[in-house]
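Next come two complexes, and both contain subunit A; in the first it sits with subunit B, in the second with subunit C.
Showing the complex of A and B:
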């Protein structure tokens, strides 16, 4: 039984997987467009999945022994494969239609405040709705709102953006000794909250920022500092006593704006990092830089970051026989990026008094 | 090889007496000149009279306010992302309690700059803006003697507050 392999066909591509593998993980072995998107399933978190329904697939043949198709679309993150199973993902119009409906449902109460949200540019819900959703909304009623809750100095919670994927709850359960936040209330009123205004301060709790597929949990030390696509992701490490110390720095020039864990091609954290690395080590000298991170070239984050381009030598001084006269030094005129206002060094978001002219 | 059939051979015959006295040719030329006096003029008397702009004219940028006079821009950076000339830069800040009458959203542009020397007036920033904040107006970019004056700050771009 141990070396037995199940043959499963997903979108006419056959792959052999071990028994007990889910359809989603089998599809991830094939990779590419065949893989169903997942908003709540997280391979590193035990028990995750089955909540968002974006990974629905059609099983057109149950198994070799029982070739009847499954009557309804199934959640691929929770359904294990059978021998001879045939699965349709992007080849099934039923699946694509259902997924469009799921995206519409997820967006019903989403505030669509992407211009303000710090997650924009690396948001899974943005990618999902761009690929599978409708461009307009049919919802005419007031969206669900919550009272804003302060959950500590490092993490900001925007409950309106939450899609209730439970990833952060599982993270806190499995990474920390004592979970301090969870889902309160039921149904439409369900919300992520700490019990009676506690703050999240476990030393690994910062990882909830990385697992959050939307902008509900974001880094307060990076809040409004810059847009994700204007910062450059760089892989770096340091000798950390509590975690692996392997992180991704989001830099602009020499300034470290944000520290996150490294993410793999499915947007999942490779190694968990501690709060000390994430929130307190915001200087280049704290880190050993390995090189620019690999970012999918279709991502907005890779805009303007060219790989393998050789810089052309400047020849104008040789052509005209002297150094060209600089007619305008932009740094003398511009108000932006003043050296005396170092945004990355400010704790939390910048405010109007950080930009006072006397500073 | 002929490209068209409109080429006419040049007449190189010696001039006749009528052509030699030039009077008919002068009269013919004058009739064209005088005829133009009665035609519609192609020019306008510029400073006093101005031509209407085309509806798609793209001039100097303005930063818009909403009907309550609050700044619409939230410093989302999409204009700077769309800008092919990389002329737009900005820095964002969080709105404090008590500043709700100044800024529409919880995040706003503390600094917003357009380098008009780099700007090519393509209008992509206006297209990209999700908040209807930046518009290209019907004002021709004013000229100046110094390059420094072409760096337009947020104060230069914002429309005056209608509530004040």
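Showing the complex of A and C:
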């Protein structure tokens, strides 16, 4: 059974995966735009996923044995592949429409305080709304607010920014001995909170900062110190008695501003680190520097230092059928932007008349 | 035709002695002479459909139950009846608790469940005592406990109170809550028939479904299937509320027309206070609302009957659903916008908060509807509402998202000019809070009983 492989076709690209793989993980093997975004799923956390609904995909063919399409869009992070399954992600207008709806829903109560948010620059919600969201909002009511709660000396909780992905709850459940925080209340007044205002002080609890896709849980020792894109990520390690000690330092000059775990191209932590490494070792002499980090993620944090950035595979020829919006060629739809017209030959400032097809 | 409520009028039917004298627990005696497979087969033959709302065939659900060696199986009775407008299970449990216990014993035997749970809504606090008393009585008389009727089958029934959340009526959320966790619906698959309570195979059935097992075993599945029409077999309890002369619980055999049900004296007795029928929600708050003309007749002009198929005739465009049997009638002094706002508030309050579209969308819809209702709405809000409900429906883990979207969708679909009237006449809309009455105009002469 172990060498059995299932063939699954995602956006017309076929890949062979082991049975039990989810659609999302199969799509990650292909990479590029075919991969659905995931806000709540975290491959290292058991039971996570299925909640944010950004990874919805259309299953146009169930399997080789049962070719019926699935009636509803499914969460790709929790649906396992079947042999011969055909999935539509960016080639399905239904999926793109639903995803746009989900992004809008995620943003209506989000404070959009990115200019003062420490997560800005490495925020998954920012990336998601940039890729899939609308430019304006149709929401005209007061955004929901919460009373500020202090959950300890190291972690700062901004409940208004939370998208209730439950990642931090799973992290505390699976990484620490005793979970001290969880979701209280329900619906749109649900909030992350600790029992009777306790503080989070497990020695691995700092990892909730890394798993948080938005700025709801941020590092108090880095609070308002710097913007993440001004700091340079450097891989380093130390001989730590509690954790692996393999971390990423965010430096500016010789100064260590922040210590985080190393993250892979999906923004997921590779190895969990302890609070001691994260919050207390902020001197260059504490660490053995390995060299600049390779940022695989296509994001603003790799701006200016594209060391070893993996080039996104070019898939446009393979993703035939519907013209996906993300891969649209502007010259095909716009009359104005015509590359054959040389701007230097136009006298004076360019006018739309200069781009008319008959000219 | 009365099967479940046959002895409901007998004084003292709540207590074991009276219940037994009126033919109670006969089905257990009969069932224990059959094999579990025969009971499941009998239920399959009866064509019984789940009475909780979705109408899934019960026999089929039972046959899906996984039976791995050495793993206990469980039967869970869903008594978390929280849908606005539905109160049929409360009546059954409060007045004839032994009927449910009897159905549970037979079903537990059929499914091999030695520990059976009744998950009851927290607000039904006094019924917990009634059920526990009934369970104790059944135990004292040898219908529960170890080695029932010397067959070697052990069964215990436990009553578990919920904390008052609507979402815990969803079967996987109910299971989570029963396990002592936060009542968030699980992602399916795995279905409860494979991994339910404590990851063991579980069947979750509604109170009325389990009670209906009793007449099925007593009279045989085929006799039960003869009652009713087509795939809507047996009898259905309906809880009628709203502006009718005689609200309450009715047991019907699903052969009546909606017109007969609303207007004849045998059932609801017509609209109260000499008003006219404006709209009707035939199956509990989450099913689409229908205007008067579509309530009584299908889009094809045929009479609409009180059964699963006829009420759903025309799909959601011109039909509705049988749902859980919460029959809500609105007269011409009721405002559909206000009514929809009330429902939207309910779903906003009861969303569990897992899926983003439902968590955020229900609150958004409520706020927009509140604006429209209080004269602050814009014409574009109506289209926005439509778009929001479309983005919620079908994109969530559990059916609560759908349940929140359908009433709003149907209200806009059938009563759009009432919404527009609210936008155009904000002052008037606030003064006389009943919207447009003309929907009640195409009314029929009541059927003479």
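Note that in this section the second predicted complex is superposed on the first by the 300 of 359 C-alpha atoms of A that agree within 3 Å, B and C clash if a C-alpha of one lies under 4 Å from a C-alpha of the other, contacts with A are read in each partner's own complex, and residues count from 1 in each chain.
Definition applied: a residue touches a chain if its C-beta (ideal position, glycine included) is under 8 Å from a C-beta of that chain, and two chains touch if they have at least 3 such contacts.
All values reported here derive from a predicted model rather than from experimental measurement.
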First (subunit B), second (subunit C), both or neither touched by A:240: neither
Touching partner for A:139 - first (subunit B), second (subunit C), both, neither: second
Contacts of A:351 with subunit B and subunit C, given as first, second, both or neither: first
Touched partner set for A:70, first subunit B, second subunit C, both or neither: neither
Subunit B versus subunit C as contact partner of A:90, first or second or both or neither: neither
First (subunit B), second (subunit C), both or neither touched by A:101: second
First, second, both or neither for A:13, with subunit B first and subunit C second: neither
Residues of subunit A contacting subunit B in one complex and subunit C in the other: none
Contact set on subunit A toward subunit B in their complex: 113-116, 120, 223-227, 229-230, 300, 303, 327-328, 330, 332-337, 341, 343, 349-352, 354-355
Of all residues in subunit C, those that touch subunit A in their complex: 165, 167, 182, 187, 348-357, 359-364, 367, 384, 390-391, 394-397
Subunit A residues touching subunit C - in the complex, by the definition given at the top: 49-54, 56, 72-73, 75, 78, 98, 101-102, 104-106, 108-109, 138-139, 141, 144, 163-164, 166, 182-183, 185-190
Subunit B - residues contacting subunit A, complex: 74-78, 80-81, 89-94, 96, 99, 105-107, 110-111, 113, 115, 117, 130-131, 147-148, 151, 153
